[in-house]
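Structure incoming, see below.
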Amino acid sequence: MITLDFIINAISLGSLYALISLGLVIIYGILKMVNFAYGELIMIGGYFLYIVGLNTQIPWFFVAVAAILAAMLVSFTTELVAFRQVREKSLTALLITSFAVSTLLQNAALLIISPRAKAVPLPAIFSTSVSLLGANIPMRNVLTIVTTIILLIGLSLLLKHTLLGIALRAAADNFKMTRMLGVPANLVISIAFILSGAIAGVVSLFWVGRTASVTPSIGQAPLLIAFIATVVGGINSLEGAVVGGFVYGLLFSFIGVLLPQSMLDYREAFMFLIVILILLWRPQGLIKGRFAQERVG
Amino acid sequence: MKKNNFLAGISTYSTIIILSVLMLIIATLTDLFGGSLLVRIVTALFVNLIVVMGMQVFMGNSGILAWAHVGFMGIGAYVSSICSMSPEIKEMAVPQIYPFLLNIQFSFIPSLLVGTLVAIVIAAIISYPLMRLSDTTAAISSFALLIIINSILVHWDRVTNGPRTLFGVEEFTTIWTAVAGAILILVFAYLFKESSLGLRLRASRDDFYAASAMGINITRVRYFSFIVGAGIAGFGGGLFAHYITSFTPTAFYLAETFNILAMLVVGGTMSVSGAVVGTFLVTATKEGIRAVENFINLNNLLSFDVVGLTEVLLATALIVVLIFRPQGILGGRELRFSKKTTGKNRLLNSSESSLEE
Amino acid sequence: MLQVEHLKVRYGSIIALHDISIEVHEGELVALLGVNGAGKTTTLSAIAGVVKPVQGKIVFLGHSLIGESPEAILKRGIAVVPEHRDIFPNLTVEENLRMGAFSRHNRQEFMEDIQQTYELFPILKERFHQSGGTLSGGEQQQLAIARSMMTHPKLLVLDEPSLGLAPKIVDQIFSLIVTLRSRGSTILLVEQNVNRTLEIADRAYLINNGRVALHGTPEELKSQSAIKDIYLGKKHPREVNLDNT
């Protein structure tokens, strides 16, 4: 049944998926690397909400902000400690490193907290609904859409109108030349990781908000979503990733309604098949790429 | 002259000799003196080694990371299991199995071969286009392939019993079966590396443009090597299935990928000896830490159960290796009798690594 | 200003530069000439800090450059405009220039620099808000030079600016280089285009097989037949007697 609330919920999912993809592509644009540990940043946000929310009486909003900061910090640290040292080496080494970091973080959560899912306290507002034109829409979804719009606008402004933003885009175009103009490479990359972490942090709020729980492997699904979306939408541009994520979310919602029950399980496999086909037909994704294809050296 | 040829022959194949003897010694000692736990650990080690060597064959020689490798291990595992299980057990294990699959039953070796073959065929069908892709897109599609294979294994209940456990596989893999398989693959991997195909692949790894200019069809060379690697993975998967006797698709996904990668990278991707050394080292370390974990848990030394410590330490070790010694412990060198390398190997076995560039 | 003495650079087991010694004095336009593979770009890479020599000295304004990073060498005042221009295709002309001025934090200075850029490179004023990728080859070369000028370099190094450009555009670029020099810039120009370069250079070095085969003023060089022989292919570069120097 395609009703107004279904449409808005689909848009909400699309927004969330768009955000997820954005966080991954920021790193990819500059370093040409898929940060496998990106999902774990979302996990960190979730666990932060769990630990602080459970043990203190701090209002959820502040806990949420702190969770975002935590994700930013972890992202920055993984770059500083691991990726920076391997960056000069091959892309393969970088990818394996990010995979190792992902495994490390996941299992650290397993070890330090628990392999079992933990309930995450959510703000009351997440359970309320809003009445719009006769449709009943969860407030959570409205917030997702609003937050996404704000973040996209904010990031856009940052990239287009600040010196830092121009430097980030220049680094994505041609990293070597950026260095030769005296732009500190490490600074640019660190900022990219911090931004990626910030987005992951925001995503974690809404992702955890859907199930009200967190597990060590909670980051896997978003990573795959970001992966599919960026490949389909265009791994070579931020806009492509955002559009890809949005379309994926919409598609996912609509296919869920339209597909017969028996085929539903194959939804995922189907999407991945599309990924490979698109990669073969149009490796730069559906939206024309902007980033240079050269690797960072 | 003849004596020189003989000695030259020995030194050329000294790697195979050294590694095979090493593996046989370990198998013998374990069989004679080891308890049942140790036998299981060593059997698993040899099975893993086969999969690692399969990855070495492609990744070590081409410089490209095949993320989908353990996916083919899974294919081999499931196919060989369906082939070897009796219809009665199959009916219970996979309730909705297709009739034509229900009634087939082969003995162990043929089942292994069918599993290997299916892995090869599937790799042959889907991988050709992937070989043409560049660095970044190759890595992405490779990863996507792994996810697709996993997705199919999870969802095709009528063959795999879906996400649920497939149980009832007979434990045909003994420590001697495993070591025999490992030695077989060892010889194969080494000969592959030194073969014309292997040389061409390594040339493409070291200098893409020079190799192309020399007339090497890089796409085709990669394609055949990928198929070989996938076949070895399928073979290993079959042995694995008949060792562990029950498994789910998750056994052939990210955790196992990490495992195999760690073993290969630690030892050194560019040599077969590296695969062997890495597998031994990582297995020993894991089992050691696991023993500590179990000790702590069984004796309730800590108020909570220690889980995941192995992976945390292993991941840390892998990162450290990648930072400080990306070429691995052996640095791409093979274990040999003599220090001198033969002419063609001196250039192609330089201690640089595809992970260093 | 810049002194390179007995530079030796090795790539693995291949010796790219055997013995290179060149000098650039303030206000000069010095050219490095030579065929492909002679060692010109390697010399530049060593100066820019991209490659580390195994022997020799590189001294700039009294400081040794050996072992310093490209960013540090830029701070010392050497700006290199690379062989393939390397402008940022997805950034506008303005943004490209802003990136050039990144290491200089003065907004006032930036505005003044932009005015100068308008004067010297009028076409860039026209295309100020267009993205770099839409510019023609010649315009991109101008943008690359303008961008490097933004760093207020003491020494401007140009690596084959005429590469891939039509003769008329090459003329434009070369007259631009002359203008820059007349305004006081010190320029090290690497080129394959011998004739045009000798028309504008104060002094030139002919690099051959990793060594300096000839050097002197354009008049001195033009009178040496060796240079013609190499370029006209009458003699293979390796046949030229290097002791002619």
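The chains carry the letters A, B and C, assigned in the order they are written, with residues numbered from 1 in each.
Methods note: a residue touches a chain if its C-beta (ideal position, glycine included) is under 8 Å from a C-beta of that chain, and two chains touch if they have at least 3 such contacts.
Note that the coordinates shown come from a computational prediction; the quantities given were computed from them, not determined experimentally.
Trainee: Quick one: point me to the chain whose Cα centre is farthest from that of subunit A.
Mentor: Using the mean of the C-alpha atoms as each chain's centre, the farthest one from subunit A is C.
Trainee: Highest contact-pair count belongs to which two chains?
Mentor: A-B
Trainee: What is the distance in Å between the mean C-alpha positions of subunit B and subunit C?
Mentor: It comes to 51 Å between the two C-alpha centres.
Trainee: Starting from the mean Cα coordinates of subunit A and subunit C, work out the distance between those two points in Å.
Mentor: Each chain's C-alpha centroid was found; their separation is 43 Å.
Trainee: How big is the gap, in whole Å, between where the Cα atoms of subunit A centre and where those of subunit B centre?
Mentor: Centre separation, subunit A to subunit B: 32 Å.
Trainee: What are the residue numbers in subunit A that touch two or more other chains?
Mentor: Within subunit A, no residue touches at least two other chains.
Trainee: Give the residues of subunit C touching no fewer than two other chains, as numbers and ranges.
Mentor: Subunit C, residues with two or more chain partners: not present.
Trainee: Mark out which residues of subunit B touch at least two other chains, giving numbers and ranges.
Mentor: Residues of subunit B touching two or more partner chains: there are none.
Trainee: Tell me, which parts of subunit C touch subunit A in their complex?
Mentor: Interface residues on subunit C, with respect to subunit A: 48, 70-71, 74-75, 80, 82, 86-91, 95-96, 98-100, 102-103, 147-148, 151.
Trainee: Please output the residues of subunit A touching subunit C within their complex, sorted ascending.
Mentor: It is residues 163, 166-167, 169-170, 172-174, 176-185, 290-292 of subunit A that touch subunit C.
Trainee: Would you pull the subunit B residues touching subunit A in the complex into a rising list?
Mentor: 63-65, 129-130, 133-137, 139-141, 143-145, 147-148, 151-152, 155, 254-255, 257-258, 261-262, 265, 304, 306-309, 311-312, 314-316, 318-319, 322-323, 326, 354-357
Trainee: Under the stated contact criterion, what part of subunit A meets subunit B in this complex?
Mentor: Those in contact with subunit B are residues 32, 34, 82, 85-86, 89-93, 95-97, 99-101, 103-104, 106-108, 110-111, 114-115, 216, 220, 224, 227-228, 231, 235, 265-266, 268-269, 272-273, 275-276, 279-280, 283, 293, 295.
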